[in-house]
Structure formats: structure tokens, C-alpha cells
Amino acid sequence: MDAHVIKKISRPAQNLVQELADFETATVHEAYGGKGALSCDIKPIDPSGRVCGPAVTVSGRPGDNLILHKAIYVAEPGDVLVATVGGYMEAGPWGEIMTVAAQARKISGLIIDGSVRDSSAIRRLRFPVFSRAISIKGTTKETLGLINHPIHMGGIPIRPGDIVLGDADGVVVVAAADLTWVLEKCRQRRDKEEKAMEEIRRGKSTLELYGFDKVLNAKGLREE
Amino acid sequence: MDAHVIKKISRPAQNLVQELADFETATVHEAYGGKGALSCDIKPIDPSGRVCGPAVTVSGRPGDNLILHKAIYVAEPGDVLVATVGGYMEAGPWGEIMTVAAQARKISGLIIDGSVRDSSAIRRLRFPVFSRAISIKGTTKETLGLINHPIHMGGIPIRPGDIVLGDADGVVVVAAADLTWVLEKCRQRRDKEEKAMEEIRRGKSTLELYGFDKVLNAKGLREE
Amino acid sequence: MDAHVIKKISRPAQNLVQELADFETATVHEAYGGKGALSCDIKPIDPSGRVCGPAVTVSGRPGDNLILHKAIYVAEPGDVLVATVGGYMEAGPWGEIMTVAAQARKISGLIIDGSVRDSSAIRRLRFPVFSRAISIKGTTKETLGLINHPIHMGGIPIRPGDIVLGDADGVVVVAAADLTWVLEKCRQRRDKEEKAMEEIRRGKSTLELYGFDKVLNAKGLREE
Amino acid sequence: MDAHVIKKISRPAQNLVQELADFETATVHEAYGGKGALSCDIKPIDPSGRVCGPAVTVSGRPGDNLILHKAIYVAEPGDVLVATVGGYMEAGPWGEIMTVAAQARKISGLIIDGSVRDSSAIRRLRFPVFSRAISIKGTTKETLGLINHPIHMGGIPIRPGDIVLGDADGVVVVAAADLTWVLEKCRQRRDKEEKAMEEIRRGKSTLELYGFDKVLNAKGLREE
Amino acid sequence: MDAHVIKKISRPAQNLVQELADFETATVHEAYGGKGALSCDIKPIDPSGRVCGPAVTVSGRPGDNLILHKAIYVAEPGDVLVATVGGYMEAGPWGEIMTVAAQARKISGLIIDGSVRDSSAIRRLRFPVFSRAISIKGTTKETLGLINHPIHMGGIPIRPGDIVLGDADGVVVVAAADLTWVLEKCRQRRDKEEKAMEEIRRGKSTLELYGFDKVLNAKGLREE
Amino acid sequence: MDAHVIKKISRPAQNLVQELADFETATVHEAYGGKGALSCDIKPIDPSGRVCGPAVTVSGRPGDNLILHKAIYVAEPGDVLVATVGGYMEAGPWGEIMTVAAQARKISGLIIDGSVRDSSAIRRLRFPVFSRAISIKGTTKETLGLINHPIHMGGIPIRPGDIVLGDADGVVVVAAADLTWVLEKCRQRRDKEEKAMEEIRRGKSTLELYGFDKVLNAKGLREE
């Protein structure tokens, strides 16, 4: 693995990021045409945690966290660290001290395709972390890696500056270039969903509302 | 897969269902002679959630939820939707809108051998859901399936009208025809367990209480 | 499997155990030179639960809990039951009645490489349990086993009288003979970590604090 | 678990069983309307092994094989033992001696939702075994179980006398009552498939052959 | 999911593809700077199978194979079908008939992040297939998908025309644009490895050969 | 992790090792009182491979193989390398060159709780390897580890000089101090098993042979 850090990345306008932060991941994923969702194995360590911000991408080695320390000081306030460590679960390259350091730097959260430790301290500090597992075990601080190079994680590609949104359902990533239109679709979708739920609460069926009845008939569903 | 809906199913008397609702799944499973428990991978998305009601069974295709929409309107108040979708985890065929629709129909809950999305909304709405996983990803609405045909799920057979009970430990299913005697056994078991716990709290050992001491001796346990 | 119980085990001084109880598992694991952590699959059934005490080790057969009943009456107040049952997940050899019995005996908690049932009752009773899974299914009470023989569990060896510490991150085990020096290292580590976090909160980077900047340079990290 | 043996079961006519033995599991599964396939985790320990015969069903306890010994002497020549042992993988209740005993009894093979040991001896003896795993570890011979009661295994129900067919793809089960019509469908399917493959080898596309081109157009596939 | 087919893709020069075919995947992965390897869960169904060719990428729905049929007729001789079907394992969208069709079209092989069926027929026909699992179950032929759009599979991105190489170790993908220099590195690596193995066979240690002895000393390995 | 190598270990007499080599792992495990079997996830990459020899134990970091190179030159002819690398599967710290080096040193084989690469070359060279998985990906050569310190692997403890036996069923480890009596038990067991199989082939049932009939009756098995 190369050892290289790109310090400058472009980030979307902050107001767009803030607006995205209010949507649910499932809404954004639908609005995005079914794209951007990480594998369902990457989950919040605290289901009430939420995060939204531009990705600072990190590629590290399994069982080592030196490059993650560096990343804390490459990220800017509001950024989310998004780290791959080779799919290794039996050591947590992130713990309480790094959480304190990240909060001192006003970093918004961490998405990691591995484990973290000090999970109760992280919850107490209310730092949003999305990981595959929790492990007691610490790591070495010996090997280098890449910061702000494109990565692939949980089944999708992530570039530095892409917007990462995490909630109880998991994590969805929106390419920076797509943020404007995805937001527009999210707004439309939310309006539509709110109206739909209003109508459903008043007694309309989803079969009527979405025309599923016709689809079911056309496809030949037999009832008795 | 066939496409067929059976609208009329027979359900046990409501007072029996209500009585079962107060028991723990582990008690019912023991009372039932060690039968009826689904695989331990199907768990509540909210550990404080509980559900009890007659099953409306649904067989759908992986990654599609059209037939689940239909099932909301086949089920009657108090019913529990029990759905198989081919063991597919990477898409959630159930979300917030369907939860709102199900609650408008007074459906009691959902058991699914797959994933759901909008998990925080579902928790907020306090709709009990038992699933294998949580996934951000939505589904198509294109393929048919079966409603109220017998299914096999989590290692056991479930017929429409069987009683489904879910709590923090998981889900247990009681065949409609067995409900009366299982309830009787549950009552006996609860009484016996309450008395046992009372005696244990007062200092009696489980070895004495259940005669395990004799079994251990008879089997030749050596102590030093 | 043999059937044998050793009743007398030596335990470390109680004040040492009590002191260890205040540390986090991740701290102890680091202080212990990266030793003693169980596999990350063994987790608290209630993330707010914590346990610390000398191990009473139990080796039982899959799907049977007779020997676990016996162990409740071999253990002394403050002890932690640490049980292997052959890696079987689809039955819970521990439930509400055993929890009540264990609390009557002032046992501190249970670590099991299997499942438990009655999980909501266990949570309500605030008895700390660390397990691989939760299962509704009960067990037979027919087969013997070993109590207070050395066991291997979650990747590490555990002897009776070793100190077991569990928290939200998982479980770490300290050999009785190592407890004094591990505690000394824990104290040092905690002091050092608290000072470090204080400095980090004031604005010092972890790169400076730990000299990682020099390591990164020495190893040739390129930045642009 | 109860302890009960049913000695007499009805079996389909032998010529029907022999005819089914020549089909592939995938063909039979399709002919059977997509029913009867066990979970893809139950696989042959030797991919060249094949088995076909009436099921003698066995329900045993995890880690014990006493009831399996009994089953060898309940089964008749040509039968297939189909055994559940509670989903336990870390012990093999079947090994070389039982294989020799089963072959002395002219039993056709074994399907087990657990592990076997002595796998190289079993391969050398050319006894077809389909299992979830291979384990070195033996079992106790202490607990009873059920023989020739209905079981549920790998996601489907199996009754004694149902026909079990296993090959490199896995295992499919045909209910005794359905065997005649399933065989008829299998024959039709094989003829159709052979003709189809002949036409495809001569250059016809599957799009033409099955009319998929029209389906693709009707559904609006865009090409460029 | 969109429904769109791109028929024309650019492919690397055939002589380059043929040369790559002679290298091992592990060699190519190293030569490629540790890039391009799919997750180790995607494996040959026949360990003696090998494949090399330009990727025709396919994105389909779980449990449906209509778009895979189409892809057989979009691919050109020598191409490799590389298909994602949403990570669904419990149905095999590829079987004997499609294998015959693919061979009639001189397609080189199939890489699929799902299951296949008719595995013994596929082995007998010597068509190289790399999949996550084998399943008896067939699929519907109802839903559309994408052909020759970029996909992400097994942790890496794949574009149409990238070169896919599979052997007993798994699958590695080389971007078309990198093929020339990767081949050059492969040649160098092979020469170096052959010389190295020659020297090792003659008695030289890898510690000497690669200078690891110095590294071990520099890092402070203590021996006794 | 410390970095330390112990060069001198004691090994059992070679004739004892050679005698053990002829037994099956399942026989040895039974003869050893049900002890010594590694988890069933550690399997031969070639089911026809067998290995037997004294363990040279290695503890390395995930994703690094520097210490494994060193171990090749610490081991003596006939030894088996037994390596833990932190349970990391997505990189293979052992490949063709190391196999050639190990064979030049007359090392008997490798047991690893991780992955290997170049699996077809390893098979071709007929070097017995037992691993959890196969991975294309290589490793760094940067971090140190321990050689000939006690390790824990696959659920059991292994000390340098313990005898490791691997075959198609998996791996069993016999402590050096127990080898003499375990061999004696193996011989007895083999004789007994051969006689038993002879009697079974002649028509005696296992129920008679082992007295299981009496056990079944005593335990109250009901037949009809």
C-alpha cells in the first residue's frame, strides 16, 4: 500500500450538507435511485446516533491505526472520517482518546469497515460511530496508508468530499456532484411521503394510493 | 411461485390470544414441549417490543414488496404479518409508510425472515417488528406471491391463524389447535416458576428443588 | 467428558478485584500487553451491564444445563460463572430461574460461549450476562461436566480464580497471578490517558503527544 | 424431546424411486414448482456423491448420536437417514463405524443438518453423506430422540417416506404423495431441456427459444 | 434499477489478454500494487478451472435471471460475464442451459456474486464459473437490469472491458487502461520469483534473499 | 506484541511422531478423551493432504508475514508451522515462494488460522496446508511477532513441540507429554474399531455390540 496524503479536497456547500442531514438514509437512498447504501453490516454503535458530512477517506492496514491518527489532523470541522482497514474485525483502531481528539477537531463522526473499542465512552461522548463490530483489542501504530484517495467500502465507491449520511438504518453516500439533484428529489419524496402517510392515516389503502391494485390484477393475482 | 390469496382464515378466540400475550416466549416454548421457536437470528428491532396475534402468512420474492402491500389489506385488526422473502437480507421490503398503513389497519406487528428499513421511524411509531437485519435499501413492486398459504420460516412450519408471540428473546409460534392446552400448561408453568423463584429467593437451591442433586449423584459426579 | 467438581479454588484479594472493576476492558487489555480479550462475538446482553470477579469455570455439553445448576452452588459470593457449552447457540442453558438462584447466592454474573433465554427478565433483574446469542429454547438436564477445571473460550485459556471483567466492549480475563502488576499498569495507563485527553482537549494533537509525526516522517509518508 | 420410534412407514413404489434417482436435483426442484430444496448450506462431503431413497427421519439432541445408532436398525435397505441434531456443528454424530453399519444394512445415504467425522473413510467407502460441516469431534451416546416423526430441516418439512434426492447441488425432497406427478413433470422437463440444448447448440438463442426477447421489449429494455 | 444495455464496449488487444491468462491471480494482484482482488468469498466451483477475458458487466435483481440471458447475446467470443444480483445466495440464476448457450457463443466464463445451480453439469462441460455458493433453486425471468454499466462487486469496481482473471485462489480484475504496465510488472515478477525459487531450492534463505534478516534486526527481534 | 524467538524447543521421539501419523484425527481425538481438536473452520486446502509433526508456533500480526519467513528458518526438518495471525482472512501470508522455502527446509506442513494464496501451486507441490480460507491478497513484511511461545488457536492451546496431526477432517493437537499414552489408547482404539467393524460387516448391530439396546430400554425409548 502506498503512503500518501492529499490535504486539499473540495467539499459541497455547507447549507446543502446541513439540509441532507435532516433526511433519513432510506429516503436519500430511494431519492438517489437506489444507489449509495453501504452493506447492512455497517451499523451505528448507538442506534440514536446520526451523522452527516463530507468524507475524509482513509485506507489503513488491518490492526494498525497510525494513519487514522494522521487523518484526524487532515480533516476539517464537520468532516466525517470514512476508513477501511482491510475488513479486519478483531481489533479496534479507534477508541476514547481518538474520539476526544476528533471532537477537539470538531469532526462529525466515523464510518469504519472494522471494529472500534471503548464503545461506552464513545456513546457517553455522543460521537457518532458506524462500524461492523466492537472489539476490546487495540492496534499497533506502525504502518502507513492513504488519506483522501478514493476507496471502496461496504460494496460502494467513496471519494473524498462525497457526503456521508448515517442513521439507525445504516450509512448512505451521495457523490458530491449529485448532491443538488438528490436533495431536490429528497424534498419531493418527503413531501410525497408525508402526504401519502396523511392519506393512509385517513384510511386510504396503499393499493389505491400507488395503483398496486391494478398491478396485482394485471399480473393475475387470484383471490378466494 | 404461484400467485394466490386466501382471504378467509380461521382465528382462535380473542381471549385466548390475549391471555397468551402476557407470557414470555421462553415459557410458552417450554410449555409447548420445546416446539415452535423460530431460529435465534430473527430478533426484535426494539428489544422492548412485544407482539401477539394470529398469523397472516405471506410468501414473497427476494427484493420485492408488492405482495406485502396486499397483505396489509387482507389482514384484520389484531393480526400479525408473518412474511418470508427467500432469505434475502440486502433490501428492506417494509418501511415507515407500510408501518403507518398497518397501524391504520390495526395490525399488531410484523415477523419477517429478511430486513426492514426506516427502523428509527418504526421504533418511534412503536410498531413491533422482528427481522433478521436492517437494510437501507428499498425493493421493487413487481412480483406476486402467496397470502395465507402455509409457510416454513426460521426452521418451523407456520399456518395462517397460528398464534405468533414475540418478545426480547425472539418469536414462538403456537398452532391454533394447540392453543388451549398450551395456555393451560403456561399457567401451570408460570405458577410453578413463581413458586420456585419464591423458594429460591428464600434460600432453597435449585438442586434440592428439582432433585438435581440426586441426578448428579446417580450419574456419578465426583467432587473434591 | 469427565464429570468432576473442584470445590476449593484460590481467589485474589477482594480489594484487588474491586479496584479492577473500575477500569474499562480496553484499558485492562492494553495494560495487560494485549492479552486476555475474548473473541468479539461474546457480548453483554445489556450494553450498560458490567461485571468483575473471580471465575468459576464450567464445561458443559451443548443443549444441557445440569452442570450449570451445580455451579451456582459451587460458586461463592462475588464469583463470576464462566461457562463453555461446546459452541452451541440454538438453546439457552441459562434463564430467569437460574438468574434468581444466582442472585440469591450473590453471584456477580455469567459469561457463556453460547446463548441465554429470558433475556428481558435477566435485564430487569440487572444480572450481567455476556453471551454469543439469545435463544428462546430451553435445554435438557441430563449430562454432567466439569467445574473449576481450566477451560478455553473465545480464543483464550481461563483458569478458576482468574479475574473476569466485562463491559460494553466485551470481556477480558486477567490471570490471578498477574493481577497486581496489571492493576499497577492500569493505574499508570489511566493517569496517562487522562492527562493525554486533557492535553488533547486543550488543543494538542495526538501526533505531537505520542510522537506519531516523527514516525510518519521516518516511514516516508508523502503529503500534498 | 420425546423418545419414540415408529417402525412402520409407507414408502413409494421402488421403480418410481429408481426413476427419480436419474434426475438432477435442480431439474426436480423446477419440476416440483420450486419446492423441496434444502438450504444451500447442506452439501455433499464428496461432490461426486449421489443419493436417492425414502427418508427415515431422525430428531436427535446436539452432540449425541444414540438415536442415530437406533435409526440404522429401523431403516430398511434403500432408505436414506435424514437427521436433525439441533443445528450443532462442532461435533460429528456420524463416522466410519456407523457408515460400515449402515452399509451392512444397505442404507443408501445420510442427510444431516450437522457435521460428520471420518470424512475420508466415508469417501473411501463411497457412502453418500450430505452435511453442513465436517468435525473431528465425537459425541456422547446418552440421549433419546424421535425416529420417523415429521421433521423440519434446511427450511422445509420432511415426513418419513418422502423421497430424498441429493447430488452436487444439494438436496431436494419430494413428498411421497407427489412423486408420480413430479416424475411426469421431470420427464417432460428433461425432454424439453434436451431439445432446448440441442437447438441452442445449433445456434438458436435462449431469447428466441423462450420468447425472452419479447418480454425484454415489452418491459422496455433500452439498448444502444 | 434502470433497464439499459450498452452493446459496444472497447476491449484490450487480444494478445495482451492471452498473455495475462498464463499468470496466477496472486502474481497479478501483487504486480498490480495489491489492487483488483475480489473478496475471498467468490471462488471457483471447480478448483481446476481458470478464466481470462474482458468483462461484460451485468446488474440484475435477486432471484431473477432474465437480464443474464440477454447478456449471453451481448457478449462476444472470449468475453467473461461478470454479474451482480444483489448478494442473494438462495437461488442460482445460472445453470446448464445457460452454460450451453454461453459455450455456443464462445463466452469464456462467469463470475457471479451469487449462486449457480446444475454445478455438476457445469463442471462436466468445463465452463469456468466463480460464485459465492451453489443453490438448487431456480429464478424468475421477469425483471430487467443493466448490461455494460460499471458495477461494484466483491469490494472493487469493475467496468466493462476490464480484464478478469480467475483461478483456484479467486478472481482479480485489471482495468483495461492498466493492462500493459501490469503485464510488464507480471513478467518481471515472474522472472524474479522463478529466480528466487531457484535460489531457495539451492539452499538460500528468504531472509537473505529479500534482506529480511536486516529488517528483523533493525526492528529489534530478540532471539534466544 | 512482543518480538521474541525461542530457537530451542524439545520435541517428542521421532518414532512416536511417525506412529501417530498413521492414525486418523477423529481416532486420536477420541483416544485423547475428546481433547485437542481445532475448530472445524480450519480445513485442508487439499482434502487428500495429511500432516504430522512437532509444532513450531508463530504469532504474527494480521496482514503481515515477516515473522513467518523467520519461522521457516527456526523450524527443523519434520516440524509443522502453526501460525496465528489475529483471525484475519482477507490476505494470505503464505504462498508459493514460502512453500518452496519450507520444502527446501523439509518442513512438514502449515496450520494457519488465516488464509493462504497460490493455492494451486501449493497443491501441485503437495505441501499440506490447513487454513480458514484462501485469499489472493499478499501481505506486508514489516511487523515482528513471537516464535515458539505458547499460542491459542481454533479454541485450544498449543505449545511448541506439541504434536499436530491434520487430515481431511481437520486438525488435532496432542501435548508432547501426553503422546505416549495417547498412542497407546489409539492403538487400542484402532484394534477395537477394526474388530467392531469386522463384526458389524458380519451382521452384528452396533446396538448389540456396544450395549446401546440396553441403554435405550433403560432410558425408556418407546417403539411401535
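Order of writing sets the chain letters: A, B, C, D, E and F. Residues in each chain are counted from 1.
The working rule: a contact is a pair of C-beta atoms (placed from the backbone, for glycine too) under 8 Å apart; a residue touches a chain by one contact, two chains touch by 3 or more.
Small disclaimer: the values here were computed from a predicted structure and weren't measured.
Of all chains in the assembly, those touching subunit A and also subunit B are C, E.
Rounded to a multiple of 5, the Cα-based rotation taking subunit C onto subunit E is 180 degrees.
Because subunit B and subunit E share one sequence, their contact can be compared position by position; here over half of the interface residue numbers appear on both sides. Per-chain Cα centroids separate subunit D from subunit E by 31 Å.
Between the Cα centres of subunit C and subunit F there is a gap of 29 Å. Shared interface positions of subunit E, i.e. residues touching 2 or more other chains, are given as 1, 34, 87, 89-90, 142-143.
Chains that are in contact with each other form these pairs: A-B, A-C, A-E, A-F, B-C, B-D, B-E, C-D, C-F, D-E, D-F, E-F.
Those residues of subunit B whose C-beta lies close enough to touch subunit D in the complex are 1-2, 33-34, 87, 152, 155-157.
Those residues of subunit F whose C-beta lies close enough to touch subunit A in the complex are 1, 61-63, 86-91, 140, 142-143. In the complex of the two chains, the subunit A residues touching subunit B come out as 24-26, 29-30, 34, 37-40, 43, 47-48, 167-172, 193, 196-197, 200-201, 203, 205-207, 210, 212, 215-216, 219-224.
Residue ranges of subunit A in contact with subunit C, taken from their complex: 3-7, 66, 69-70, 72-73, 89-90, 92, 95-98, 100-101, 104, 115, 117-121, 123, 133-138, 141-144.
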